[in-house]
Amino acid sequence: MGLGVLAVLIVLAGWQLLSVTGVLNEQAVPSAVQVAAAMLTLLGTSTFWASMWATLASALAGLAILTGIAVVIAALVTRSKFLYESTWFIFEFLKPIPPIALIPLGLLLWGPSPTMKITLITFGALWPLLTQLIYASRAIDGVSLDVARSYRLGLARTARYVVLPSVLPYALTGLRISASIAIIISVVTEMVGGAAGIGQDIIVAQSANDLPTMYGLIMMTGILGLLINVIFALASRSLLFWHPSQREDLR
Amino acid sequence: MSAPLSAPRFSWRLLLLRSWLPIMLVLVWWFVSDGRDSLYFPSLRTITETLTTDWLGPAFGSAFVPSATNFVVGFLIAGIAGIILGTAIGLSPVLRAMTEPLIQFVRSIPPPALLPFVLLIFGIGPTMSIAIIVIGAIWPTLLNTIDGVRGIDGQLLDVSRSYRLNFWRRLWYVVLPGASPQIFAGLRITLQMSIILIVVSEMVAATRGIGYYLLNSQQTFAVPQTWASTIVLGILGYIANLVFSVVEHRVLRWHNERNALTTKGSS
Amino acid sequence: MTSSATSVPSTAAGPPEDGTVMLKTRDLHKSYGQVDVLAGVDFAARAGEFVCVVGPSGAGKTTLLKCISGLMRPTSGEVVFEGVPVTEPPAKLAVVLQDYSRSLMPWLTVGGNIDLVLRAKSLSRTERVAVIAEALTAVGLEGREDMYPWQMSGGMQQRVSIARGLAYQPDVLLMDEPFAAVDAQTRIDLEDLLLAVQARYDMTVLFVTHDIDEAVYLADRVIVLSGAPTTVTEEIAVQLPAPRDQVSTKTLPEYGQIRAHVFGLIRDAKATSRTTPK
Amino acid sequence: VGQGSAITIGKGDPIKVGVIPVVDYAPVYIAIERGYFSDEGLNVQTQVMQNAAAIAPGVINGQLQFGTAATTAFIAPAAKGLPLVAVADQADVAVDEAADPAAVLVGADSAITRPKELEGKTVATNALGSIAYVSMAALVKGDGGDPSKVSWVAMPFPDMVGALAEGRIDAAFANEPFTTLHQQAGAVVLSPGLFPVFTPGESYALVFSAKPFVEKNPEIVEAFVSALAKASELARTDPQVVVDVLVKYGGMKPEVAAAMKQPTFGDNVDPAALTQASEVMADLGMLPGPVDGTTLVMDGGETP
Amino acid sequence: MTSSATSVPSTAAGPPEDGTVMLKTRDLHKSYGQVDVLAGVDFAARAGEFVCVVGPSGAGKTTLLKCISGLMRPTSGEVVFEGVPVTEPPAKLAVVLQDYSRSLMPWLTVGGNIDLVLRAKSLSRTERVAVIAEALTAVGLEGREDMYPWQMSGGMQQRVSIARGLAYQPDVLLMDEPFAAVDAQTRIDLEDLLLAVQARYDMTVLFVTHDIDEAVYLADRVIVLSGAPTTVTEEIAVQLPAPRDQVSTKTLPEYGQIRAHVFGLIRDAKATSRTTPK
């Protein structure tokens, strides 16, 4: 953690240096100190916290919904070759559709509302997790499945005690990817589609040419992602204590 | 739970299996929407007409090709850079501790917000579009590589240490293959995101390309064109995935066969 | 060559003489792609019988066990368990797999790994805890409930998976080289434990081993497999007096005879299997 | 389409307006700030959105009752058959060149002297197909150039300031406060932004609604429009009111807001001006042909 | 109790009598968290010596081997290889690990797995191919170069990792129960193969096994470990005539004596280790 903080400080110092020396045009990008000051101001305003919450809440809601959907689809599709092959084209076709392209459609159906945001988040951030889950199912050790079958653990217990822990390493990576995409889509739809949140504040600051605030808000989305990741990292550490990636005794 | 193999070896059966549902859906869409054009939901017939006149016509060379090129280049750079950086970070605890917060931070910033920095470094042009694709799409590969490298069975690392494989051999024969199942999961998502980011990259600085076409038609309420370009993206994604899965099938054969084997008893 | 009844030195087993047939294979074939491994394996195990399977490395013992347990589908032929053809592992059957290091779930403690297979049984939580403790004690791992498999030595892991198989109290227990990784004394203890448990619950045991002494010591019948493509070379009924005893049984002249005979068969089988490289 | 908007708004029900956060639409905020809406018994709420393409669908399906747009951005969907009507004016094109708050700018020592010379150059617009793009393209075309030879780049207004100053782009369109910021950074005005292209003294930014909604709620619309008209009137006469609103709702720094050149806040939407704008668009190939402005305005342009 | 010279029945080995010391441990301690596993292990192996290590399951044999090979850092004490303290695995040392199913790279063929460790040697491609073929033939897997490890039976996998160790031609070979999964005949063949290779290249071998017969048959010296926390209970020099022979050696009365003695030691060790449950 100490090293990480150090690295962040180095980057910030580099930024400030670029601004002070004029390499970074102050018209284009404010200096690190200005942005930091703007962020401090933001922290004191209640509208900022409301926006932050709006952005975060939609991202989390979307994440929760898409997790459910991804798990169900993955479970169905990995259990049946027929389903897997039949739906292959559809999924591969849907995946590259950019959520941005769907914003007008979302606005038409739900208006500038949290529902619209959450729907787009769900659609846009679903695929990484789903892809990870499908790959994860292929990485399950056949021997543990053999054990499950030979002791007839049944579907529920196999899922809970064998499949779930086996797919967890991939799933957690997938969740982390989906989580930041969820935040990004949340912010971008707010920017374009007007639902309340950090994105909308960014647009307002942009229109007013309040660049320090605008970059401060952008930094805040980064910090939001960082915080969500800290949660996932802690979860990984306790859920994957048995996995080589978390076991320091191997080294 | 059996593991279906995405075996791209061609067979008529597989083709049928993969195509019946899409064909059905297209037919349903066609007949339900036919003659019921509405502004936001044009009929499939209208969309198809736009598709053929625009995308099989001049737009193919002037819009599809440059976008597809940027996408391929962007994906390759994102994939390769993701693997290289991910391996380095996965192998080095110090590097990991240093980069972890930065990575998690940058990952959640919407790519358009990074525009001024990208502009500063790359200027305006295809390089910038590619840079945006790379910056936006590198993360899944990077994260999966880090996690994959860290998740390698310690026993195999013991073997390579005890036989004193030098760093490069260890990397090439042990670390990368060991992480490859997870790396491929990451690459698959990077691939998908690269296509999505075509649009974002052309939102900024392009006068042609699929993304430009899509955004422009969206802004000007040319809805059939918006749908058509969305479909073009879908088709591009589909083709890219097909190629990708052929490569993956070859590289991960050991992995898929091994894990399918024990419990399926495939003959 | 199937089920041949070459009766040296004791009477051949052939079809079971008495008792109901618990488990039977009929003309079992299995190939992996082009490679034939099982080439028509026929045998039967009576209820309560202790059958040992020996054969050269790579003969297909594991393959056979997996087919019998229903974990793997044979290419042709069938497995019949209590009169019913096997397609999935039957409820009353348990398997102790050869690959012990991968057959324990690393995310569960040793206790959890055993508990997992007990949950289907209608036992209360305390009963399960007691069963687990008893099983672990039996294999010499008392008080290790809370360790994780990856904190254990190879032999300890192997004993946990034996404990799991025993705790399940199946009617038929299939074991694939279960004592390969334990020391000589522990092995002896476990052999006797297994015999005792088998006698107590009248279990049918199908036991794959490389140790000929062990096979002859434990078995009511030893099935010797040829090298791949595999058939049953010979079935040898071991009519040594029960209960067996590590010292006295092994000094019986008949024991030595059977032992030598089995050894000869395996040497021959190995010599022939050498000729099939791919 | 559009039946989703055919809802009846009762007394005190929230009326939502999709607003693009630029100075052109200050009257909406002034009407809220001064209580003109509540005086009419309306409960108006604003919803900040980025562009008309995002606002129009919301208005169509009744999520929003009103939306703001530049004329060109409003004409595009309306001409495509979306049942949208202009209900109120917001900002008018300046009546003389010097008063135009919008401008096309080039770098400090740029060799570009006239719009035709933008051919082959990198020119920034805020969005593809926006009024900024239409103006510049029309300028180029009107000067005998070919807009398709210009290399258009889309970027947010603030980013253009730095990009132009550093020479990464050759020209940019700006509206206030960015015109002033550009000039402070050394940029030079190549041409006024809107004045040469659109009808001077007439609307370029307006408020629109959906036809079914207007038909169902004539009194509400009437009340809304008259409150807005009062706000526009005030804005025209007292620039400080606009500055206050920009600082309060737009997050603008007071000194910036005070320094900027304000647009002329208009009183009615002239159908002829819409027709003219549609001609410009048609000329650029953005519409199949010009549209009759009277079909785009509520009551055919009769000011309530 | 370290390196105790309790001389029953042959003369104790103690410090090496002649030849240079190849490998030495000094007061080796290793604990996993709170659990002490090695509690001061001292022993030395001379160049060209064949040392077998026996001890109860879970005693710490694998731990010891990993510390010696430099794969694991001891908690205290040190390992000295040719006079140099070991921190990383020395170049001239090879290890055959106990967990065979996880010590072959599943993405490489059998040939590739062996080739991998040969690449550091200055051999041409054809020479490497020849070495691989020779090594595989030696372990009875001729022509299996192109199979993948997961297409092989347990015993075959184990033999591949032995072949890999032999092909590497190390000066010191550490083997952790390398024959646990092979059949009796193959085991005999491999034992003799190992003795021949060791004699030919004057290799130093440190060999962990559970099979006491095997230990006595192979070893110049048998090291008996106590149960955890582990120390060396006794070192027994095995002065049976070389070359050893599966039939004649095992009939020597001295062989039987040593065998019985070792067995007794392990039984005792096991009995004491039982008392440390956690």
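To keep things simple, chains are lettered A, B, C, D and E as they appear, and every chain counts its residues starting from 1.
We take it that a residue touches a chain if its C-beta (ideal position, glycine included) is under 8 Å from a C-beta of that chain, and two chains touch if they have at least 3 such contacts.
Chain-to-protein mapping (UniProt): A, B = ABC transporter permease subunit; C, E = ATP-binding cassette domain-containing protein.
Model, not experiment: these values are computed from the prediction.
Steps from subunit A to subunit C, minimised over paths through touching chains, total 1.
By number of C-beta pairs in contact, A-D leads over the other of B-D and A-D. Summarising the inter-chain layout, the chain whose CA centre lies farthest from the centre of subunit C is D. Each chain gets a centre from the mean of its Cα atoms; for subunit A and subunit D, those two points are 35 Å apart.
Distance between chain centres (mean CA atoms), subunit D to subunit E: 84 Å.
Note on chain placement: the centre of subunit A and the centre of subunit B lie 17 Å apart, centres being C-alpha means. In terms of their C-alpha centroids, the spacing between subunit A and subunit E amounts to 50 Å.
Counting partners per residue, subunit E has 32, 99, 102 as the residues that reach two or more other chains. For subunit B, residues touching at least two other chains, in rising order: 40, 116, 119-120, 153, 203, 215, 218, 255, 258, 261-263. Residue positions of subunit D touching 2 or more other chains: 51, 53, 57, 156, 159, 162-163, 166.
Considering their complex, residues 66, 69-71, 88-89, 91, 93-95, 97, 99, 102-103, 105-108, 116-117, 119-120, 148, 150, 164, 168 of subunit E touch subunit B. If you check the complex, the residues on subunit A that touch subunit B are 1-8, 11, 24, 28-29, 77-82, 84-90, 92-101, 104-105, 108, 127-128, 131-132, 135-143, 145-146, 149, 158-159, 163, 169-170, 172-174, 176-177, 179-180, 183-184, 187-188, 191, 199, 202, 218, 221-226, 228-230, 243-245, 247, 250-251.
Listed in rising order, the residues of subunit A touching subunit D in the complex are 25, 27-29, 103-105, 107-113, 191-194, 200, 203-211, 213-214.
By the touch criterion stated above, subunit C contacts subunit E in their complex at residues 32, 54-62, 98-99, 101-102, 140, 142-144, 151-156, 159, 177, 180-187, 210-212, 263, 266-267, 270, 274, 277-278. Every residue of subunit D that touches subunit A in the complex is listed here, in rising order: 18, 20-22, 47-51, 53-55, 57-58, 60-64, 156-159, 161-163, 165-166, 177-178, 181, 185, 246, 250-253, 256.
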